[in-house]
Structure formats: C-alpha cells, structure tokens
Amino acid sequence: MTPGPLLLFDLLLPAVLLWLAWRSLTSSDLFRAVILFIAFNLLLALAWVRLEAPDVALAEAAIGAGVTGTLLLAALTRIESAAGRRLSRPARWRPAALVLTGTALLAAAAGLLWSLRLLPTMPGGLGPLVDRHLAESGVDHPVTAVLLNFRGYDTLLEVAVLLLAVIAIWCLDEAVPFLQQPLESPLLTGFNRMMLPILLLSAGYLLWLGSHAPGGAFQAASLLAAGLLLALFSGASLPAQWSGLPLRLLLVLGFLAFLAAAIIGPLTGRALLHYPPAWVKPLILLVEWLLTLSIALILTATVIGGRPTGSRPYPPPASPAAEGRQR
Amino acid sequence: MDPRDILSIVFLLAAAPFFLAGTIGLLRFPDVFCRLHALTKADNLGLGLIVIALALQADTWLQSARLLLIWLLVMLSGATVAHLIARTALRAGRKPWSGRS
Amino acid sequence: MTELCLGLALFLLVTIVLGLIRIRRGPSDADRMLSAQLFGTTGVAILLLLGQATDRTFWWDVALVFALLSAVTAIAFVSRNEPSETAQQQRDDHGS
Amino acid sequence: MSVPLIYTAAGIFLFLLGTYGLVAYAHLLRKILAANIMGSGVFMAFIAVAGRTPGAPDPVPHAMVLTGIVVTVAFTSVALALAVRIARTSSRVHLSGRDEEQ
C-alpha cells in the first residue's frame, strides 16, 4: 500500500487533470481554454513522475511547457486577428443526440475499465529483454537504447513526420511577422542574454545525460527550440541569405544523418538500422547531436508557421505600419 | 534525528505558509499588481526554503548546487514574467487598485 | 523526513487546486497567465520534494526544465497582449 | 487500490472527454485541444498499464509514448497552420456550413 499522503496525491492529481481538461474544453473564452490547456500540460508532467516515467516527464515538461503553449498562443493570435474574437459555445444538441452520445461514451468507459480487470499482469514485459541486450546497444540507458537502436525505425520515421509537418506548414503560407510589434523591454533583452546560454548548456546537459540516464535528443531539442523562441520574441530573426538553402539543409540534416546511419547496416551485410558493433557508440552520439539541432529548428519553424521568403529575413520583422503605432 | 534533519524539517515547515500566502494572495487581492506581488512571494521564499531544506539533506555538493541553480532560474524567470505582465496590464490601461473603488 | 516531504507535496497540490479558482474567476487574461505561472513554480517545488521523498534525484532534471521554460509561455502571452488589448478587456476588468 | 489503476481510469476518462470535445465543438482550435487531450489520455492509460508489471519500469512503452508526444506536437502545429489558413481565407474558424456561431 503506498504511504498515506502519496495515495491522496495520486487521487487528487488525476482529479485536477480531469477538471482542467473539462474546463479547458467547455470554457467560453478561447484564451482561457488555451491557458487551462497549458496548466493541464504542466500537471501532466507530474502524472508521468508519479507513473515512474522520467523520460516522458522530461519530454512532456520540455515540449508541453515550452513549445505547445507558445504554438497555441501564436496560432490563437493569428486566428483572432483574422476571424475576430468571438466566444464559441458547444453545439446545441437535440436531447436524443445528447443521450445517445452520453450513453455511448459511458458504455465505452465501462467496457474499457472492465477489460482492464481481465488484463493479466504478465511478469516483466519487455524490460528484461532490453536489459539483456543493453550492452550491445551502445548506450547505458534502456529508453535511449530502445529509441535509437532497438526500435530505431520508429524514431527515424518520427523525425520524418516532423519534417513533413514543416513541409506542410511551409506549403500553406508565407511567414508572417512573429510579433505585431517587437517587445522592446530592456528587461527582456537582459533576460534573453542570460537565458540563451543557460538553455544551450542545459540542452547539452540533457543530451549528454541521455546516454546513461533519462534525457536525450528530443528533450534537448525542445529546450533549444525554447531558446530560439525567446530570441524570436525579442525581435531576432534569421537574415535573408541564411533563410534559403542553409536553413533547409539544417532542417534535413538530422533525418539524413539518421538515414545514413541506418543504411550502413545493409551496406555492410547487416539488416537495416543494425549498426556495426565496433562504432555503435560514436554513431549513436553523432546521430543524436545532429537530431537535436534539426528538431530544435523544426519545432521553431512550426511555431513561426510560414515559409521563409527569399528576400526578407525569416520571420519578417514587424511591418512599419505597426511600428508607427508603437509608442 | 541528527541536527541536519531537524533543520530541514524546520525549513520545510517554514516554506508551507509562504506558498499558502502566495495562493491566498492570488485569490484575495483586488487587482493584477497585488496578485503579482503575492505570486513572487511563493517563488522566492517558499521555494528558497524548500531548496535550503533539501540542500541540507543532499549527500554531495553537486546536488545542492543543482538545487540552487533551479531556485535561481525560477526567481529569474519569475521576476521577468512579473515585470512583463505588470507592464502589459499597465499599458492596457488598468489602473492599480486604490482604496474602496 | 520523507513523510514530511510527501505531506508538503500534497499540500502544494492543494494550493494548485486553490489557484484554479483564480483561473476560473480571474477577470482578465493577465490573471489567468499569472496563475499558470504560479502552477509552474509550485510544480517545481513538488518535483523537488517528490525527488527527495522517493530518493530519485532525476526528478530534479524535470524541475530544472520547468524552471527554464516557465518564462517562455508567459512571454508568448505578453507579446500577444501588447497595447492592442480590446475594450472588452476593460469591461472584463471592472468585474474584479 | 494500486496507483496504476487510478491513472488508467483517468487516462480513459481523459480520452472520452477529448472525444466529447472533438464532437461537440465546431471551432477548429477547440477540436485541436480536444485531440491533444485524447492523445494525453491514451498515453496515460498506456504507461499506467505498463506500470502494472512489477520490477523496473518497462522502457519500450516509455520510448513509444515519447515518440507519441513528439508526433502530437507535429500534428498540432499542422492542424493550427490549417486553422489559421482557413481563418484568413474565410474569416471563419469552423467548417460547418451553417453560419450561426457554433
């Protein structure tokens, strides 16, 4: 039996999470929904801590607190400037439809919970299997070993998904100015000057940590992306000549490195993604470093939400008209 | 119970009221600026006391250094955010609360 | 010692629940952002306490990430709400 | 009352809450939030069920959920870009044909 206060904690946290999710979905004002969702993401990281999932907690904290919140707020600003700030209420349901959906959902819940009771608690799962082969994986931390070696295929395609996301976003629209008008606050520039090196160091720390403890490329990349976002908020942007081929190369670099490492296997008579045992460790480290750089840029590009135009810096500075209004 | 444990317990117990004060201030104070005031109390002192208590329990200097770093970062971002939110509220024309309005 | 850490972590979670009232009632967006900021700090405190109670200090890395990133969303909010706040915001505020 | 059971039940209810949100609202941003909540529910149930086995936590579900979180960010960003594009071109943020505010 878990000790008293811990059990209360485990009863209260899911309740708070459910309440936040419910309030986020049903609140009339959209901004309140986004803020409640950000609070939901913060507390979700606590749930992963209680479920003994350190890597997932790190990823949720880094991506949830850093990237998703900024992504939603940026999108909300653009949507409201285009479609106005109207409150939206749920669809007015005919009673029959409401009853039908309600019972369907409750039946699904009952079914799932019932099936949970029948689930046998089979011993060990895949943990012991991973631990047996951990030595050959080139890293000491099981989750990183699974991510980059045993199930490298998922991670390879996952980076491809991220790349596709950027390509899809770039097809839709050109980059709009990231801010209506730059936030010229001396405190912010001072804060950025202090925070950017710290974020860079912490990203390196998480990346180095990934080989023997919870951490790794994705968490490090979201920290780097958060640093880049901080820079964007104080008006920084990539000069025009860098936002052409060099940016595209950097975005694709991580995926290409992983692909090259994967292809070494078949070239040397092994299966795809089967790294030659001699240089497993350096190969994985190199791939992880390049992945971190590319994913950080990809996450930032998704927040900017538009393709770079050859002539202007990426994202373009605030338009002069907005500056005129600036006090 | 060696003295380190006792000191840690004292610091932990001392931290609780600051977090409570921060939250009650957040609920009771009349406008944004006072609430910002209450919020930063929880940051600086509440977390600071917890960090001191845990640093006493830490086995190596590295761990207490990590705790200190976390505390400094929270204070740094707390102060910056408090300034920026207050500035936005002020620019949006929100007057600070003044007596029975 | 661990009992006290767990008890305090539970107490901090209760303060987060109290903070939810401000998110619900907070008249202006700034108040809601404020409570989200308080959740971040209290989250760091809870993580530190849980790390100490369960004797696994890698929870402190999660606290480090929280501490680093708590400012990013708030700055996103601030840059969104520059002087172009609508009048609706003013009416909202007289409620407090 | 084991800890994983609580979180599995919470995960299931989060998923169903998200399903309701996805169905009930026409506003695109709400549908994206609902989809994220559904994803978090599935991940929580998955890791909670994986946590039921005794001994050290099983790394494979953790790796898969980590991948899932990153993919969730990817699809959220594309969905938001589409929503912004729709808002810009049709100055409306819902797809339903009826014009009244949904």
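Read from first to last, the chains carry the letters A, B, C and D; within each, the first residue is number 1.
The criterion applied here is as follows: contacts are C-beta pairs under 8 Å (C-beta built on N, C-alpha and C of every residue); 3 or more make two chains touch, one makes a residue touch a chain.
Keep in mind it's a predicted model, so treat the numbers as computed, not measured.
Interface comparison, A-B versus A-C: the pair with the greater number of contacting C-beta pairs is A-C. Remark: subunit A and subunit B have CA centroids separated by 28 Å (rounded to whole angstrom).
The distance from the centre of subunit A to the centre of subunit C, each centre being the mean of the chain's C-alpha atoms, comes to 20 Å.
Distance from the subunit B centre to the subunit C centre is 11 Å, each centre being the mean of its Cα atoms.
Annotation for subunit A: residues 50, 76, 183, 188, 191, 195, 198 touch two or more other chains. Looking at subunit D, one finds that none of its residues touch two or more other chains. In subunit B, the residues that reach two or more other chains under the touch definition are 73, 76-77, 80, 84, 87.
All chain pairs in contact, by the document's touch criterion: A-B, A-C, A-D, B-C.
Those residues of subunit C that touch subunit B in the shared complex are 1, 4-5, 8, 11-12, 15, 18-19, 21-22, 28, 30-31, 33-35, 37-38, 41-42, 44-45, 48-49, 52, 57, 60, 63-64, 67-68, 70-71, 74-75, 77-78, 81-83, 85, 89-90, 93, 96. Listing the residues of subunit A that touch subunit D in their complex gives 2, 7, 10-11, 14, 17-18, 21-22, 24-25, 30, 33-34, 37, 40-41, 44, 47-48, 50-53, 55-56, 59-60, 63-64, 67-68, 71-72, 75-76, 78-79, 82-84, 86-91, 93, 101, 105, 108-109, 112-113, 116, 119, 121-127, 130-131, 142-143, 145-147, 151, 154-155, 158, 161-162, 164-165, 168-169, 172-173, 218, 295, 299, 302-303, 305. Residues 3, 5-6, 8-9, 12-13, 16, 19-20, 23, 31-32, 35-36, 38-39, 42-43, 45-46, 49-50, 54, 57-58, 61-62, 65-66, 69-70, 73-74, 76-77, 85, 179-181, 183, 188, 191, 195, 198-199, 202, 206, 209, 213-215, 219, 223, 226, 229-230, 233, 325, 327 of subunit A are the ones that touch subunit C when the two sit in their complex.
Against subunit C, in their complex, subunit B makes its touches with residues 5, 8-9, 12-13, 15-16, 19-20, 22-24, 26-27, 30-32, 35-36, 39, 42-43, 46-47, 50-51, 54, 57, 63, 66-67, 69-70, 73-74, 76-78, 80-81, 84-85, 87-89, 91-94.
For subunit C in complex with subunit A, the touching residues are 2-3, 6-7, 9-10, 13-14, 16-17, 20, 23-24, 29, 32-33, 35-36, 39-40, 43, 46-47, 50, 53, 56, 58-59, 61-62, 64-66, 68-73, 75-80, 82-84, 86, 88.
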